[in-house]
Amino acid sequence: MTWAEPIRVHTAHARPGMLTLLLKEIRHNPLLWLLVFVPAVLAGEKLAPESHTLLFVLSVLAIVPLAALLSHATESVAAKTGDAVGGLLNATLGNLTELVIALAALRAGQYMLVKASIAGAIVTNTLFMLGASFLLGGLKHHVQEYNRVGARFQAGLLFLATIALLIPSAMAGADRAPGIAFTRTLSLGLAVLLIADYALGMLFSLKTHPELFAGAEHGEGDEAPWPLALALPTLAGVTVLVALVSEVFVESVQKAATEFGMSPAFVGFIIVALVGAAAEMASAFSGARKNRLDLSVGIALGSASQIALFVAPVLVLLSYVMGPAPMDLQFWPGAVVMMLISTLTASLVTNSGRSAWFMGVLVLLVYVIFGMTLYLLPPAVQ
Amino acid sequence: MTWAEPIRVHTAHARPGMLTLLLKEIRHNPLLWLLVFVPAVLAGEKLAPESHTLLFVLSVLAIVPLAALLSHATESVAAKTGDAVGGLLNATLGNLTELVIALAALRAGQYMLVKASIAGAIVTNTLFMLGASFLLGGLKHHVQEYNRVGARFQAGLLFLATIALLIPSAMAGADRAPGIAFTRTLSLGLAVLLIADYALGMLFSLKTHPELFAGAEHGEGDEAPWPLALALPTLAGVTVLVALVSEVFVESVQKAATEFGMSPAFVGFIIVALVGAAAEMASAFSGARKNRLDLSVGIALGSASQIALFVAPVLVLLSYVMGPAPMDLQFWPGAVVMMLISTLTASLVTNSGRSAWFMGVLVLLVYVIFGMTLYLLPPAVQ
Amino acid sequence: MTWAEPIRVHTAHARPGMLTLLLKEIRHNPLLWLLVFVPAVLAGEKLAPESHTLLFVLSVLAIVPLAALLSHATESVAAKTGDAVGGLLNATLGNLTELVIALAALRAGQYMLVKASIAGAIVTNTLFMLGASFLLGGLKHHVQEYNRVGARFQAGLLFLATIALLIPSAMAGADRAPGIAFTRTLSLGLAVLLIADYALGMLFSLKTHPELFAGAEHGEGDEAPWPLALALPTLAGVTVLVALVSEVFVESVQKAATEFGMSPAFVGFIIVALVGAAAEMASAFSGARKNRLDLSVGIALGSASQIALFVAPVLVLLSYVMGPAPMDLQFWPGAVVMMLISTLTASLVTNSGRSAWFMGVLVLLVYVIFGMTLYLLPPAVQ
């Protein structure tokens, strides 16, 4: 097909044509009409910074279409690069959002909120994203098979990353209060080890063993993928917009939540995590519906691993530069239990490389019970 | 074989013929002669209600042949319906017994005994029934293979059900005493979620995905299966008798145990659970000996799951109607550890879909150590 | 090749020729020149028993070549008997060392050191030996496959053995201090059960089901195996020398460690365990480099299992004869957490029967974090 080559090259460089393609996409997809809330929320923050409930609602409405755009852009890149790299790319950009949110809390010295959002992101990405992917995929496909080797590897990575993250908490819980200096030094050493490990993990999945992460045979997607010249700039630009809107969301969510009767633990652990991961969820769910469960599992487990191996240690290190005091990695006991259960669940359910709708129901059940527990927990205990 | 058809139809409707068949079965199976203890124990309860040790021994002797009858009836149904439905049916009827026992304790307000029997039933069904099935099957067959997908699915179901059941205990243990009101509300919400999940699980295993639970290729059983017209009434009638005898057993067991030097925790956790599950065990062990390990694993894990997903939440809901006060789902820490270890063990050992005798020895070892611990535990601590 | 037969038989009986072969091996392998430190450390102990740092360094230098000799001897036996028996043999002889070390501490009544070395041996054998084998093997081979069934079985055995070992600690932790008499009686009963189980495990792996432990197809080793007539006496003699040198090591390590600024917990858990397992590690790493990962996994998991099922209960029983007071099996909570995490990690990573270098990095990460935690832990807390 040598004659087609010049056309593709030409298309890839035609920026105005790209914008036309993007606008056409928006015109045909009613969900994307919600993009009007992006300027609305940014304007609202300037004009009425005290209308917390309004800003909260506007920011959620604005994040949804941005997540949808990000989803299509990531899938387009994934279509050209393979599911694993696409999943990795998506998780990194999605977690950039969480990193930006946590950085705002870090600057304000709200370390409990930072830790709750780290723990909540691991639990939500693992249980909710995985469970809902299994359920949504299973409602359309009788039994879904996916790359067991990749899933087991990622579940093992997540298990080990979570264990590493939890050792300071486990030691503080198991032993008689070894002291804040011990916990801080341990957390700092841990942060350095986790980031080194994350870099080695990138080397492994992208350079030395990419084939372990390759997706199984898939059905074709129903939407045409964008060319890279549209997908890559959209990925970058939409991520920035998500970050901007997310900051408004975080500022408003605490006060809006109090009005809705939600406890602070529920907000940090569930609401912030769900909205922060909205973009990745759109991709994961879309993959599951298209019977590309490798993509869904890769996003869910990869995203949770990156929170543990990358976002959490980076926040510890940045707390020495940007925060009022060094942050350690000691979580409250209930969060430790929930993180451990989430990663064990991920290991057990991805073990077989098969899924059906009820598997999703079970995983979601554990998530719903966690959410119910946090919702009911009296504030003094958290 | 069209000429044979009318004969089978005729047989299936000839009720007197059915009774003859049942009596013939009893005449040829010396174990069933123990059925004489069924009227004996029911009469004994009327005539000598204070002879606890006698009633205890009589009730155990009466439950054994009832369990054997139940076993053959269930296998006959399983032979016509497939192992999964047979296993499900058997687990439900077997757990009816446990439900009846627990209801008697619930009415009396003995919530510690109810919780001990729930925890003990999960541990005993998982470790003892699974371990003894592996051992008994392995002594006859060199290596036994069974349906991995079904076993993994059931182990995953059991893991998630146990986790859900244990969240109130984990939260109460991990955090600083969140209060009885919190634990009760959480237990009530949990009970509703678990029952809804149980109903969805039935839909899944019986309607949408029955093939996941189908047994692997099996050798033929050495006993001829009963026709459904005999098997179904026997299943129902014998279950009622088991329930009646079990109630005598529960009334007598506490006082008889004290005479034998057993602690209350040991009685609730081990003795009540072993006798309560006698019927299911007979089926599971018989399946293992006949190289139908799918049936054994299905009964063991399915029965434990049903305790967690169905019996426990039903008891919580009924405590609002029948009990002196609402019952919560907070277990004592030792029971939580034992339940978690049991379900993790079940996940790990059923993972390979193969078994040999030593696997059974190992699983039984953990059960024996649990039993020894409870036997030795000073009563004040329990 | 009938003509070659008499030559091999002749060679196998020529004892002087065996010594020549051993000396030739030593001449060609510079590592074995370190054997000169074996007489040096034994002489040093007589001449300068107070030079702890010197004796510490000399004993480590002496153990390394002994471990190398033991490695080659074991591999030679393994080449003739199959990997499983060779691995078992190697683990038993390697653990003899640990048993001798612990016996010296037991006689002196240093029960904390005995328990730290038991816990440290399980963690080090599982995480460090397995992780380093995966890493060293993975740096040479792209993806390594090994006998899944054997690995899963051994991981299951290790999980159950560890659980059994930890029940007294779990009960003491979960419940309100059930008392020293309860813990001692439970530990004694447990010791008897564990040893009985160990004997049954031997029967299983050597007699009834040896084929489950057979290695997968392997590449050829680059060194010629020794004849049994050389390998067996070398195995025995070198093990005795390792034991002698290890005793000097244990006497000197505590005081030398203090000079190097290491805490007692770090010394017992990490240093004693690493040096005590040096011989097995040499074999496991050599197996991994030669793409015989079955041998490595067998040594690592088998060795950890034997500590739990054999060394620990034997020490409890011997404490009644040789120690100043009965020893129980209650570990400090941090050790319990580390042992549980180690065996869970072993189960999850050996599940797939495949390995690549990053899997080794992850397992080693957990070990390094454990080591860092113990190094930083203030002495008062341990």
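Note that the chains take the letters A, B and C in the order they are written out, and that residue 1 is the start of every chain.
In this text, a contact is a pair of C-beta atoms (placed from the backbone, for glycine too) under 8 Å apart; a residue touches a chain by one contact, two chains touch by 3 or more.
This is a predicted model, so every value here is computed, not measured.
With rounding to the nearest 5, the Cα superposition of subunit A on subunit C corresponds to a rotation angle of 120 degrees.
Homomeric contact subunit B/subunit C is classed as different-residue, with under half of its interface positions used by both copies.
Mean C-alpha position of subunit B lies 42 Å from that of subunit C.
For subunit A, the set of residues touching two or more other chains reads 351.
By the touch criterion stated above, subunit B contacts subunit A in their complex at residues 148-149, 152-153, 155-157, 159-161, 163-164, 167-168, 170-171, 174-179, 182, 185-186, 189-190, 193, 197, 200-201, 204, 208-209, 212, 347, 351. Put simply, subunit C touches subunit A in their complex at residues 142-143, 332-334, 336-337, 341, 344-345, 348-349, 351-352, 354, 356-359, 361-363, 365-366, 368-370, 372-373, 376-378, 381-382.
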